[in-house]
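Common to both upcoming complexes is subunit A, partnered first by subunit B, then by subunit C.
Moving on to the complex of A and B:
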């Protein structure tokens, strides 16, 4: 037996898979690179000819990939912020300030046994988390992140959003039904009842806004709110925002409406029989939902990517420097500027005190130079590129709302199921109708 | 429900936000250790066993070990006969008037009940004179007292406690520790056993005589045939 054969024998099944797949992937990558180099132009022509399809594929890929760090970040925020509110420190062992703990959680969930109970309908059981996850992820496609930075922009954006968000009920019911467990089924029905009930005030609360905006295109809605922050729809639809936020909280199954999986009271509702990554997908979907709901609140009512104040035209610099025009100078810049800056920034430290050694001064200078360069590039991006500023404002506002969701979870106790239903049907629904009528009347009065 | 709906929610949110910015109380235990005074013993607790009775046996070990003498306790001894207590009488602040006991729901003692028989204390006084009222020689005092009375009467123990200044509970503990000290007049059986224990060769000697002479030897007490 050769050395290679013995090594092969010792590998586990996943190990064998990895050792087979990695060379295959490498070969494919090399082949792909070769193909691109050889037939680059024709491929580019084909892609340019089908720009819409390419755009869609790229957008879907980016949106799918985006959910992973988003969910990790929100899980980390939740652990850390609630800990701080409990006067604890929270996670602090894995990574800087415990920031890698959610990655560890993800790996743990991946390594757990993926169990299908006896009697469960394996097909529906397997697809339920996928449906729940995709229903929330696909709504991200219509959210405009910045000027020109969106997945799809079309006339029915908001309707598409609510339609897909409502689709997650199907996933919940699938999970409850396929688990072959009466408690799961009850949990699924309860979740469905809650989500369907809150769907109505959620949708009705934005109808007033649609009347005001005259469109369901999210991109246009954001564009309508440009200018000072007083132009945001929140000041024209205060009741609408309130109803929307409450209903969205229930829709995303967040405290105080997290009855679908009340961690401290019932087992896990519809997710009782789930384990491993399938269970993980439900949670993934929940945290992505938090982000999406916050993003939609920002998009509809808080001006989306718009800064709260208009950027003065006088400051709008056009920094269209084409790096290619610098020629050889670019190489010199890349090579010399960091070096020179490091030395320049380390000089004051070196001269300030004889106790600071040269290498310490150099390290301090290196850090400072990096900070300086980062700030410069960042400022250049902010001033010169609309979408950088837009993404910054959008993400900033969105994470304010994410923080609010976490904050609410750290504060509010859970409501009872009958209180939950009462609130939806007796308070939110009339209030949203009132909002709609008042808005419509106001529009007629103003126009006539 | 408050007058303004949502006011309670706002208050709660404000509270958690304030907590968010307050200093944290977590102690990073393996790296950081709280500076605990070396005499700190944690919270004192009286535990109950699974039958609902106190696990405390009134052994006074905790009270003896207590570095700040904060434990004072009282109770019945293990055989439920005598009330013993540990601690200075002024800290042992029990109100014993009949009315106070009755109001507190505790059992009211019967004034006619004598917990122990009065004995002639002149005897123990001479013993104490012999040993110079020295509590350090407690075992000698107790043995001499038992020789004088035949046993250790509670009245005599109280007298010893009073005269030497040693706590009654401590004297009781010392007396109950040694097997040859007893609290009751010896019965015939225990006396015979004690005598047999003091003369270990006697039974073997008598057994050998029995075997040699083939019959009963002497008038033996019933207890002696044991062993």
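Moving on to the complex of A and C:
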């Protein structure tokens, strides 16, 4: 007994944690396996019976996980592109061309001290980033990425989007109030005024589109835009897309409307007192917002997953190959093709010069074979599978808009709060109403 | 010095508060000393005090301004100075005349030459030293280069305070080129310490001249392309136009000088009004503007850059041969007396007033810095504007806190 106690005393805190956790985890795993073995079939039946719920849970999980690489990618894009615009080099130390720097940023934020300032309301202070983060992330759920690839599809998709996007202002206001800091308070109030004002032109600018499409289901809206790129709603709603983009920029608190975190005026606005991962959540939410706003612009006005030209049916490859029918041949293919390709691709290197050693040639051949296989599989998927092509077009278009946001950040100064309000109420609101009336009149004229 | 309020001060160690004071309660930094302070720190309904600085991203150093806000509107403000006070005047009085010059440099860390210049000129007047003409030309040449460097940094700061990220890095290109060539000439990038009593520290060298020639060949296009990003930017122009307007009478009453005064329409330039050095022989214009707003102050500085380029061109063409230092005794002991000298710097009139008691150290040294003078006009320009405008107005005055706090 004393031997065990002495050993226990010698362990550091992580060691003690591991020694406690490992048996617990083992027991849980064994229990899980036992439950699956004993009650596997009934559980499967229950899941199959509630497929909608299962689908929802899986979609939410995937969407939550998707935000992390998206935010990392956009942060890296912003660092690198603005650096080029500023005639700097930008990140170039961590990873190839500095591409892992945003991951390191994420880890840094994770490891920082997470403090609550004296006088802050700890509960509201803690929950504010969660509200902001969830409000922006959950909007991803209704965005259709490709044919058949969406989180949820329901009739009020667009309304759901605006409702959740408006919810983020609650989080910003919570952060501004709970921080017990005057700069935060100003930032929170600015956020409230700004987001509430721009919500109106943002919503009104798409009403014309809703009239045209006859639905608020984002999936159907994208399907309506299939065909040539002239079928995209941007050509029927040019004013609408302009208003939508401007109002969405303000909604996402991006330059030139980033008054809520104007560093030269109110330090960091609502995020002044935040540190560690709570700040990280704000940071993530901001960049995820950029992605979402771009994705929604593409979904509504730029044809979503549709290619700018219709893909001829004759070029479509049938992928109805049943892997099972290949039998052992499939195994041989999986095992041999990479090997053979590697050797084939490395031969020219080996034969070209006696200075290239065999292992060097093999490495080059391996890389080339992988590239070749990847290209072939991708081309096959692109031609044969709808959703591969859809995701490609959707992401391509979305990142064009993400680039536009970054470009604006690098170029434009910030507007003033009264100019911001004037612009929303005196220009954007009448313009969006005009857009709505003209669209409605045009629909009546065309239909009668 | 009377205490006009009974409120306790957090800074007073004798005061024991029976409860913690919150950040939303107005507490003066010390028992109020004047009527003005007492009025300022008494809040009406809906007003809030906010501390901007000394560690704020856009106060250009360690300026602290207490803003009295009503929502987003600035009702009143109270600049609190002294966070960068080093006692430069006293340091100068404890050094001999040569050593005093190097204390003048860090006053104005963006355009150091213009702080050395009045000091050196005042010492020369005190000692009746005749500066060689070549040295005067070199002073004018390096000074105008420094003026361009300072103005291009102003452009970047101005944009940065309005939220633009790029212009500051673009304007650093030309500032860097100029600073590099000045470091080839003087040996330092920032605090040049180049002017000496009776001349300058070294003659023009090959590296300086080749860098200058390279730069002059593309300077005009480079400066204009840097400005185009702001001049043609609708957001920038709309924010700056009509902001912080100052009429010429108020500007004169506030003792403003330099670009800030000329932007109100008063064509006062020390280089023409009280000519010094070789400026009477050079051909250049005094740009003025009548609007007196932030945009005018910005555009006027950009016009000045063009005039500086003209002056540099003339200096290079008319540079005479000869020595760059006057013959002076090693130990300088001027007669008892007093001397004053002022120069036109990128921010206004820099001046030095020296009293000598016949020893080898100045008996009294008074330094006049335009940043300090201009900062008082913030109190006239900013109230009734928004918080964002307060930053823009302060940036458009282009204060350097090293000079303000001395």
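By our rule, the second predicted complex is superposed on the first by the 392 of 448 C-alpha atoms of A that agree within 3 Å, B and C clash if a C-alpha of one lies under 4 Å from a C-alpha of the other, contacts with A are read in each partner's own complex, and residues count from 1 in each chain.
FYI, a residue touches a chain if its C-beta (ideal position, glycine included) is under 8 Å from a C-beta of that chain, and two chains touch if they have at least 3 such contacts.
Since the structure is predicted, the reported quantities are computational estimates derived from the model, not experimental observations.
**Q** Aligned on subunit A, subunit B and subunit C: do they clash or fit?
**A** clash
**Q** Per the overlay, which chain contacts more subunit A residues, subunit B or subunit C?
**A** In the superposed model, C touches more residues of subunit A.
**Q** Given the touch rule stated above, what does A:262 touch, subunit B (first), subunit C (second), both, or neither?
**A** In the superposition, A:262 contacts subunit C only.
**Q** Name the contact category of A:408: first (subunit B only), second (subunit C only), both, or neither.
**A** Only subunit B is touched by A:408; subunit C is not.
**Q** So in the superposed three-chain picture, is A:186 touching just subunit B, just subunit C, both, or none of them (first/second/both/neither)?
**A** Only subunit C; A:186 stays clear of subunit B.
**Q** Answer with first, second, both or neither: which of subunit B and subunit C does A:197 touch in the superposed model?
**A** Touch status of A:197: no partner.
**Q** Applying the document's definition of touch, where does A:224 land relative to subunit B and subunit C: first, second, both, or neither?
**A** It touches nothing on subunit B or subunit C.
**Q** Once chain A of both complexes is superposed, is A:87 in touch with subunit B (first), subunit C (second), both, or neither?
**A** Touch partners of A:87: subunit B and subunit C.
**Q** Per the contact definition in the header, classify A:418: touching subunit B only (first), subunit C only (second), both, or neither.
**A** After superposing on A, A:418 lies in contact with subunit C but is clear of subunit B.
**Q** Looking at A:272, would you say it contacts subunit B, subunit C, both, or neither? Reply first, second, both or neither.
**A** In the superposition, A:272 touches no partner, neither subunit B nor subunit C.
**Q** Which of 3-11, 183-191 or 237-245 in subunit C clashes with subunit B after superposition?
**A** The answer is stretch 183-191.
**Q** Enumerate the residues of subunit A that count as touching subunit B in its complex and touching subunit C in the other.
**A** Subunit A residues touching both partners: 85-88, 410-412.
**Q** Which stretch or stretches of subunit B touch subunit A in the complex?
**A** The contact residues of subunit B facing subunit A are 9, 12-13, 15-17, 19-20, 22-26, 28.
**Q** Within their complex, state which residues of subunit C touch subunit A.
**A** 22-24, 48, 50, 56-58, 72, 159-166, 169-170, 173, 229-230, 233, 235-236, 238-239, 386-389, 391
**Q** Which stretch or stretches of subunit A touch subunit B in the complex?
**A** By the definition above, subunit A touches subunit B via 81, 84-89, 92, 407-408, 410-412.
**Q** Please name which positions on subunit A make contact with subunit C in the complex.
**A** Those residues of subunit A that touch subunit C are 82, 85-88, 119, 180-183, 186, 190, 255-256, 258-259, 262-267, 409-419.
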